[in-house]
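Going in written order, the chains are labelled A, B, C and D, and every chain counts its residues from 1.
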């Protein structure tokens, strides 16, 4: 019972969603948005699970003085600060438990939560994201090597598109006559993006789509149940 | 000489960092081929007579500032060069600050331009398309005052401006909805005011079809590259050009890395064969 | 005071920016500190964000406003509480109900969405007359589009050993995949460099005032 | 001269044709839209359409400058009658036309018939093959290179006494890729339990955390090593995309896992993970159906499961007849797609677009 009832539930919900696509009549037409709304609410409760896991893990490391425990303490403190600030004075236009905190905003220039967001969270996030600029360079250096036909194709198209995207491409082949304009590097890059690239991308989409349709079908029918734990 | 993989990576990172930072500090000003889309925008502003009043709408927030702010600055500067008077509006709440920043920047080149006479910031209004529709009937009703709380009728440059029809051109710098499309659908299609503008490189392909025979959009600046083209047209070595320089250098550098990687691989293969 | 706090904020942001960059050299105390602060701050950020933007408007405000009119919202609320029962080993099994409902929903929606937009729409987008293009390069492109898609899909055909004649289309499929990977890689370089430019602008302009 | 004649004729015939304004219930929908269409004299300068609301007032719904056009009025109530008024301005006078329509709520979206049929064909094929596999029919699957590495990776980790890192993507449970990833995780956890190698699973979402814990625990029980299961090795980091990545980077640098697995849905962070992992010298296997991120995995990882290979993986690993059958069903789908494309292209060349329209109508 503990096992089969969840599977039956998944089946019923799945079938209702499928039906609702083809039945425009009430109540079916509202079902999907209702379920999506429920999904958000359930996930909203569930986020606490993660936070508790996070606190427990960090507390554990600190209590047992595991290596680097000081940093985990810093993490826990920043978690607590951000949470308390958010709950007490709210974020942006939303007031918190203590109202809008106009006094503290006047002193800080923003709500404490927003101040931390702006000056700590944002730069951390943006800088981590910007590491990609370095990694894309090191990956290109290492991987774009003439080896086999496949890796050559990878490298050559990458080089053409890299050149074609900036003014360098225009400078290099701008002198080509009109009749050869196809070979002008920016044009060539556009051609690659538009045809062979999109052909392969779509092929990936189509086959992965089939995989997703098949997996979904197996889930609805209760054949695929590993998400509940175990295989069988 | 062989370097460890760790050292190699560190060299790559350092060189890239310097290569991107240098052109930002010491701009080069590489000129690019100007696309037709940019040229159309330029000609529209260039050919508008003096003393006409125009609208630049700031329909974005800081997340797309890198691309759109240089466009705003360049367009305002161009309007100032041609002695046109600029109204700033915003369909996005954060657009008001973006407009203030853009004016501050351009005023540093043209200190004699005055608020109320040469430019005004009317601020943000909620509602998107409906608001534009209402501006078509009466600007004053939508904006009883500017963002400094000066009443509409007390602003000298707005004395003869009543509705959208009195505006020479509208430029929307747009990173989503509401934005350039809404301006086009109402101001251009209903009131026949030329609408132009700019958007991010990612969304540009979706708007290019509107730059057609009917001039639904009067040209379009798509992304940083177009912004740098525009700067070169008005002869300003501005932020978009320096950023584009940094881009070009970084691209070149990556090509150099690929070449070095191949030379290294070729050598080690040869070494193994021997 | 505001001014002092703003300057402090910029220095804080600069400190975190440099700490993350330092990771490129090697792991170090600054990165370790920033990493943990980042994890902590962001976890709390999303918790607060979800409380204010989902839980309050979609659930609590509605229930407080009109309890009986929104009584159906008690269902997700109860399911959400059942999720939390995981915390206790004895009641852990209860969380299977909300999970299975959510996965059932997901499966239904994905099945429809992917069938529609990733299969049918892509198939119809390929049903073109390749010779209708007005230039030679257009016709060549259209032919490539069709061949690439067919061989690309065939590459993923699992129930045949790819030997002899069956290897040919699959090989062509790989070529297309490789061209596409190279193109996507090259196309992304610009966007990634922009991110770095953004950070350097912050450091050089807002923090150090080297550029105006 | 000829052109002039044609023009005069054209104007004449248009003057003859009556101005028309038609409102009709939008077919096969939830009864909340009305299709309006009009055809007026070419002299028309402006057309404006208004709807009569429940208080009897006129509300603007559409404006146009076209003499012939159509518009769909959305967001109405089902099973109600709506009255519309069209005002056309001509050069020197104007015209008012009035019409009405009743919205009808339907029980079947007929235009999606093609969609339904193809979905049914595909589902039946998958079910048929699953059934056949259950009956004991043996299906062949070709080698998937990325998966042969799994044993190698676990072996290497065991040898070095270092852990294995498994990242189940950065999407929540509402992405089928995450679920496919959990299925692969279940096999990997079982193997690592057998080899007694530590397995670290950081999760971005609480729901994924819940499911992953369950999956890993079951796998250890199945391998007969429930004592080796460490609950703290499956943990949550943060809901934030880059915060999560920062955390994983830290783990890779400090725990130095000998093998990294990135399976599931990944976005921009794919390259940050793969390059950091490469720098720590781990043997790396990635798999995603996110077409835009594949290049970065292909370039930086030792093995990559491309697109559908991610979904085929669990069938390949488990040799479970039901999953093999399902995979065979997907292959049937691929043949169907290839065939449809070929027929569609041939028909298009011949100038027939019926098949395309039938499927496209279904997809709209």
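We adopt the following convention: a contact is a pair of C-beta atoms (placed from the backbone, for glycine too) under 8 Å apart; a residue touches a chain by one contact, two chains touch by 3 or more.
Quick caveat: nothing in here was measured; it's all calculated off a predicted structure.
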Neighbours of chain C that also touch chain B are A, D
So the chain most remote from chain D by C-alpha centre is B
Per contact tally, chains sharing the most pairs are A-C
In whole angstrom, the CA-centroid distance of chain C from chain D equals 13
Distance between the CA centroids of chain A and chain B (whole Å) is 28
In whole angstrom, the CA-centroid distance of chain A from chain C equals 2
Averaging C-alpha coordinates per chain, one finds the centres of chain B and chain D separated by a number of Å equal to 33
Expected list for chain B, residues touching two or more other chains, is 6, 9, 13, 16-17, 20, 247, 250-251, 254
Residues of chain D that touch at least two other chains are 115, 119, 122, 173-174, 176, 179, 206-207, 210-211, 237-240, 242-243, 246, 254, 291, 294-296, 298-299, 306-308, 312, 327, 330, 333-334, 337
Residues of chain C that touch at least two other chains are 20, 23-24, 32, 34-36, 38-43, 45-47, 83, 86, 99, 102-103, 105-107, 109-112, 115, 119, 123, 126, 146, 149, 153, 156, 177, 180-182, 184-185, 188-190, 193, 196, 198
Among line, ring, star, complete and other, the chain touch graph is complete
In the complex, chain B touches chain D at residues 5-6, 9, 189-190
The answer for chain B against chain A in the complex is residues 8-9, 12-13, 16-17, 20, 30-33, 225, 244, 247-248, 250-255, 257-258, 260-262, 265-266
Listed in rising order, the residues of chain A that touch chain B in the complex are 133-134, 136-138, 140-142, 144-147, 155, 159, 162-163, 165-168, 170, 174
So, in the complex, the side of chain A touching chain C is made of residues 2-3, 5-7, 9-18, 21, 32, 35-52, 54, 68, 71-72, 74-83, 86-87, 90-91, 94, 106-109, 113, 115-134, 136, 140, 149-151, 153-162, 164-166, 182, 189, 191-210, 212-213, 215-217, 219-220, 227-228
Residue set of chain C touching chain B in the complex reads 24-26, 189-190, 193-194, 196-198, 200-201, 204, 210-211
